[in-house]
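Below are the structure tokens for one structure; questions will follow.
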Amino acid sequence: MNNSTEKAEQAVTIDISGYDVATAEIRSEAKRLLTEKIVDAVVGYQAGRRKGSAVPVIITDPAQAEKLLFSPACVNNLSIYLTKAKKEIRAKGKLAVVAKGCDLRALAGLVGESQFKREEVVIIGVSCAGVHRAGIQPGEPLTNSTIAKKCRECSVHIPDEADLVVGKLPPLPDLPPKEKELMEKLDAMTPALRWEFWKEQFTRCIRCLACRQVCPFCYCEQCLCDRGRPQAVDTSPRPSGNMGWHIVRAMHLAGRCAGCAECERVCPMDIPLNLLNRKMAEELKELYHYEAGMKPVEKGPLTSYDEKDDQSFIK
Amino acid sequence: MSRIGVFICHCGENISRTVDVEQVAQAARQMTGVAYACDYKYMCSDPGQTLLKKAVAEHKLEGIVVAACSPRMHEKTFRNAAQAAGLNPFLCEMANIREHCSWVHDDRAEATTKATDIVRMLVERVRKNKKLVPITVPVTKRALVIGGGIAGIQAALDIADCGHQVVLVEREPSIGGHMAMLSETFPTLDCSQCIMTPRMVDVINHPRITLHTYSEIECVDGYIGNFSITIKKKARSVDMAKCTGCGVCMEKCPQKKIPNEFDKNLGFRPAIYVPFPQAVPNTPVIDREHCTKFINGKCGVCQKVCGPGAVDYEQQDQLVVEQVGAIVVATGFKLYDITEKPKGSAIKGYGEFGHGKIPDVIDGLTFERLASASGPTGGKIVRPSDGKEPKQVVFVQCVGSRAREKGISYCSKVCCMYTAKHTMLYKHKVHDGQAYVFFMDARTPGKSYDEFWRRAIEEEEAVYVRGMVSRVYQKGDKVVVMGSDIAVGVQVEIEADLVVLATAIQPRDGADTLAQKLGISYDKYNFYSEAHAKLRPVECATAGIYLAGACQGPKDIPDTVAQASAAAAKVMTLFSKDQLEREPIVARVNEKFCVGCLACKKVCAYGAVEEKEIRDRQGNLIRVVAYVNPGLCSGCGTCQATCPSKSVELDGYTDEQVMAMLDTL
Amino acid sequence: MALTITEENLRKLVDRLVKDGARVVGPKVAGEMTVYEPLTSGAELAPGTLPRRSAKEAFFPLSETILSFQKGKEGLKVEDVDTNAFPRTVLLGALPCDAAAPQVMDAVFSWDYKDEFYLERRRRTVIVGLSCTSADDSCFCTLVGLAPTDTMGSDLFLTPLAGGGYSCQVVSDRGKEFLAGYPELFAEAATVTPVPPAEPEGTPVDLAKVKLWLEEHFEDEIWEEVADRCVGCGACAFLCPACHCFDIVDEGTEQSGSRRKNWDACAFSKFTNHASGHNPRDVQNKRYRNRFMHKFKYYDDKFGKTLCTGCGRCIRYCPVGIDIKGILEEIGKKALSTKDTKGHEENHHG
Amino acid sequence: MSPTKNVLNYSYYPGCSLHASGKEYDESARGLFKALKIGLQEVPDWFCCGATPAHNVDELLSLALCAKNLELADAVEGDLAVACAACFSRLKTTQHKLGENEVKRKQVEQAIDAKVSLDKPVKHLLEILARDFGLENLQKSVKKPLSGLKIATYYGCLLTRPPDVPQLDCTEAPTIMERVLETTGAETVAWSHRLECCGANFTLSRPGVVLKLTGDILASAKRAGADCLVVACPLCHGNLDIRQKEIEEATGEEYHMPVFYITQLLALACGVPPGKLGFNSMIVNPTPLLKEKNLI
Amino acid sequence: MKHDFEPKIVAFVCTWCTYAGADLAGTSRMIYPSNVRVVKFPCTGRIDPVFILKAFQKGADGILVSGCHPGDCHYMAGNFHARRRFAVFRKLLEFIGVDLNRLEFSWVSAAEGGKWVEIVTDLTQKIRKMGPLTQFTDLADEEQWSGALSNPELKAVYDQV
């Protein structure tokens, strides 16, 4: 998803030596937690087959703790393994989870939605300077061109609400916010043009539902879009059904989305799904001063109200 | 559902004038699932309904659409007709082709097309309707009344007289509340003890009233028809069964000089005491803070002198649980205390009146105790400082009330009347005394109220000065009242012997904590909020809880008694049936698909959603899901619109029904 | 003597075909990715890199209307799809891992029920394969018995030449027939020096041994270890050239609508959800096991073919990095030690 | 004078009276603060706060005057100390009004063409002594206790009103002056007219009213057995001190009740030489009383 | 008088206030255009954004959502939740590219028959001027993968993704 304008931006490589510190600390902490039976399983990252790649792993035996690591390839939001959708992982007992700042916001959201109690999970927070964006060959260094768009505007480098924070943050480069520019461009467009843009994007959607399956907040037992009677959203991956599906998804995540942008990363058709969630987040911040935070909140913006909410749009 | 009957009404010619009803009937016959369609001049008439019932039988109809007026008019009528014909009433819907069509459009073709569209929409809806059976919630026919003032007593007596059990809980050692403190009551000046004591005796003697005095509400669980109330009975240190009320212990008690709260600390009482002579129950209570036995273990005189041996120092607080079906809250009021800083007020009490430090500046209830025959002075009006008879008394109205900067902007409704009464009582007791009243305007709206007020001025010669009081200060043994007389436009200074402040009426202390226990809402002054200011003044929004008396807002005794009887009537309607029947338009959770995110619980304004644990046979927890309590759910549907996976469904307005209607666009 | 065709003539061939009314499906660049899409002109042809989506879409589209109905005055009217109206198609420039797949899938689509939609399109399509010259570490066609130069499934097979242009090898008589239509675009050349083909890493795996191992290890902790991380999306199935499961759903209203055949994936939790609510594959790793078993055992049991051509798309686009190549190698090693107890005869690719 | 090691430092807004009729208030305040080692840095070229007349004539003018003073005060380090009750009330009201009302704030900013600074705390001397400096420290710095002196503290009507603006002390029953004076060992009497108006500017236009009101105040103080009055406002001092003779003639009562500024007595107690406290420029001669209590 | 284009307007209303307001307009015999089709709900809290989306997909040219004034809600808080939900949903539709003039929200109490007529009439006239809403209906006929981007500016943004 890179393009020509980026060449103009001078190349900056981010020092990720801090990640090795994190890897060592995660390993020792995981070993301790497992040997002392504090947790029954640790959800973390381990090296994949391809050199430099990282995949989620659920280890139960302390000896396997040596396999855990943290690198720019650790892009997954591991909080998805703590929701009701992945009953088999929860069945393993008390869990510890490795979490970047954006992942921790998702964990906080899930606690707020009674998916698990905060004390049931040990959170190993990682000070993260950024991870790869989609389509990057594993093992490439972390530079301004390989870093994910969300990391360019990250405000949660240090997950301070975690039980333990590992790793060391390097000096962070000031990268121009690409996604914000894109949002501004879209906002500047006329509605008709924006419609063309999104129609084009959603026409390509093949309804593989990867965006739903990696989203920590899409843990419904039966998704509205899988229902037949009534068929609120057409199930066949044609443009009209896709449009409905993505509008419903964005609306269901409004006020819950943690901004981990996994949906955009995993989309095999490169549809910029995070723009939708970001627009919802911006509106909720402006309207109700709500921002997804590290601390669980009892009620989200759309499950609470205030007598003095804005109603300028209502006649 | 494939056998639907469509009945199109002419409504005389209100509909048929602009809608071609035959054409609509004709179109209806073509619609999928419609087995029979006809039009008739007056569907809601008796012949109309008979036609409907016959058609149901003859054509074995499974669903009905009546295209006529607004459902808000005759939905009940036609649903009853459907039920009479053996059909579940909720399989009958109304298509509003009068208010929403024939009356508001003049082009006949347009109106007919629209009417057909509306009928088609409702036919599609009925095809997705499900049989619904009214929710029945068992009702414990026992009522709880909180507060033993005149409001609580009246409500308790009304309910008990109607044959139901009542549990009356009173915080003080005796029932009677503030009315028992009053001397004579306006506008008839009859002595309050004389009219109230019989009622209090009725309460104690009533077979169906269980009385818990010197007790407080510990916690409230459950919902309408099924409340479980935990009451904390504070230890009286006297066994009520044995005590005969002879009063010997009170005479012999060495502690004599404890200020009696009932007499506004004018009179004194012993450590083992009864608040006032006509107390009900007439069993004394030991004030453990001031009783030497409890302070340093010495004394114990009362136990020795007690014949029946009723005194028991070991008695402990007790928790009692009562099952009730309805709750009447009658916790009454307290008077604004000029030394306190009211909630939400920028400044502390009334510094300009010396913050209550001047002994001869008293409030209305203290004057009542002075004037009361059973009061500390036997009805003689005296100055608290030196006991002399005051020759000049100044009454000040609206102290705290209607004063925004003191945090109380409402009018307390009763002070104008009782102040006029006070001037009369004073005149009757001190013939050569002169009463002055500083007031803004007199509010005397009740029956024969204004005449009573005029009498105070014309016959009892009270001097009413229209103006506010700016300062009260002690000058020698006199109390100087500086105010203004705006009628004449001058500053006025009166050197009075006694000043009586008509302070504002506020809810009892702890009103907000009790509200939180009951789950009812209250306003910024802590008065309890009624469900609807005009149409449901004695009910709370929370089903099964009713309000009576000053706890809902300042009011006088006639209004309080009326409200108490109204609340009792509401309780009796609730108890009139064994099962509480409620419209089945309530939400149900599909426990298979609910993932327990509890968003529905967060948006439910009625607290109708609870957490329900699903356990396997061995009892270990599988998961937590939401559960809608049909007794509390009022059917607004906000939960379904909030639930992402629509695992909670509002019967009568399911997604399937709505989508079916939208498919006809 | 080898037939050759220049780059320019190949594009001319596309133009000619399009003018003749044929549907030419080939790799073209859209935005930033290459996909197999109907071409409107030769210029759009962009052979070489492996397209994002597989070529199966030429025969087995993402979503296909199989009938539509309308309730009118005279009752219900049902319209079938006229399969004869399917256009003549040329699948041009399909790399071997895409070209081989249709032949594998033919078996299931012409099994006890003949799927006319698929088979009619197959009958009307000429597949012009293209030898593969670039492979990344996800490619593993050689592991499953294919090769970058394998002509399986192609009617004609182009091999890029060092000096540009392609040598063309006739594989099937349908290819020969097609060639006869455009002789002027092809030339004869004595010797040709092809561009060296790609060499995907990894040594071939004994699929028969793997099948045996799978038979004994239905219940094995390898599935949990490998696929507990699977999130259950459809990316691998939808991008896979060989996956062919579909779901039929009616859309529209009772008055008018259509019946649609859409892709489905065994990774979805709803895939094996019974009406009663029971789900035989209730846990995600069981679903991934089913995917692996179907590709390397069940399909072989039924049709004697391996349902995987080693294109590596499922590795590149798996959200959680599940790596079928790694699993295959791991099981391959474990399988070596198992004996052939059941006496299956040797076959994997007929 | 550069204060040696100062405990606290304040910018200081004296106001017009303290450079004229209320000279003793200013001198005694400076003497007291010097004795207590509290820095008092006068705001350079401050000007009139508008007092009562300004805001009756033109509110924007009165707000602009005070806003300008606040802007000038910003240049001087330390919270703004104010002695005169009227200046204190005007400055506080300006901060309150402009803080609440966006429209007025824009108008004033246009008038003085500078940004209005509302965050600099404005504090009356009493507040500084009672809260910042602390009553215990005040008690420690008393060298000559004023024991035996019976004082009637007079707040006047402006110091604590309107309720939520000055926030000096409880509006209707303040005790700050009593608490401050008691640290010197003096005795304060309970009397009724502590917050009654002295007639303020009517002293020029309708002196009769002042005679009546101030007369009541003096009568009430005498009834309470006070030796003297203590004030914190130059205008109240004026009415009570200058008019005392006329009141005695009008009412036939004998008062001889000296009217001190609170800073005069505090400075005296803290060892500032009496000569510097302007006792001789007071109309009702305080010397006999001070001698009698052997304070000078 | 007939126009060449008669818009299809759908009104989602709450039964306690706006539906009653519409009834009042009926009993007062106020005339207004017949384009609106009313769908009754117990409360605006029950109106799900999916219904609005479905109505647009089914060919509605204009949609009105109306309920009780804040504070009047029969169910105390339904309209407060609805107010937040629709404030966010209309921003999403605007971001997707729907012209918000097609989607109107209002408070109409049971006593405001006049206001109901005024809102419906204004909306119908406005939509009549704007013409039919083809966005959603056209989309229904499209097959997958258009792949053809006409507008260069759009292409630039598209590529930047």
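Just so it is clear, A, B, C, D and E label the chains in written order, and each chain counts residues from 1 on its own.
Basically, contacts are C-beta pairs under 8 Å (C-beta built on N, C-alpha and C of every residue); 3 or more make two chains touch, one makes a residue touch a chain.
Just so we're clear, the structure is a prediction, and the values are computed from it rather than from any experiment.
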Where subunit C and subunit D overlap in contact partners, by chain label: B
Between A-B and A-C, the pair joined by more C-beta contacts: A-C
Most remote chain, CA-based centroid, reference being subunit C: D
Far-end chain from subunit E, centres as C-alpha averages: D
Whole-Å gap separating subunit B and subunit D, where each centre is the average of the chain's CA atoms: 53
Rounded Å distance, subunit B centre to subunit E centre (Cα mean): 40
Whole-Å gap separating subunit A and subunit D, where each centre is the average of the chain's CA atoms: 63
Separation of mean Cα positions, subunit E and subunit C [Å, integer]: 45
Subunit E: positions in contact with at least two other chains: 50, 54, 77, 81, 85, 144-145, 158-159, 161
Multi-chain contact sites of subunit D, meaning residues that touch two or more partners: none
Multi-partner residues of subunit A (each touching 2 or more other chains): 1, 3, 222, 224, 231-232, 237-238, 270, 302-303
In the complex with subunit B, residue positions of subunit C that touch it: 71, 73, 253-255, 277
Footprint of subunit E on subunit A - complex, ascending: 1, 3, 5, 178, 182, 185-187, 189, 191-200, 203-204, 224, 232-233, 237-240, 243-244, 247-248, 250-251, 254-255, 270, 272, 276, 279-280, 283-284, 287-288, 301-303, 305-307, 309-311, 313-315
Contacting residues of subunit B [partner subunit C, same complex]: 30, 32, 592, 663
Subunit D residues within the subunit B interface of the complex: 163-164, 170-173, 192-193, 196, 220, 223
Contacting residues of subunit E [partner subunit A, same complex]: 49-50, 53-54, 57, 70-71, 77, 80-81, 83-99, 104-107, 119, 135-136, 139-140, 142-146, 149, 151, 153-154, 157-161
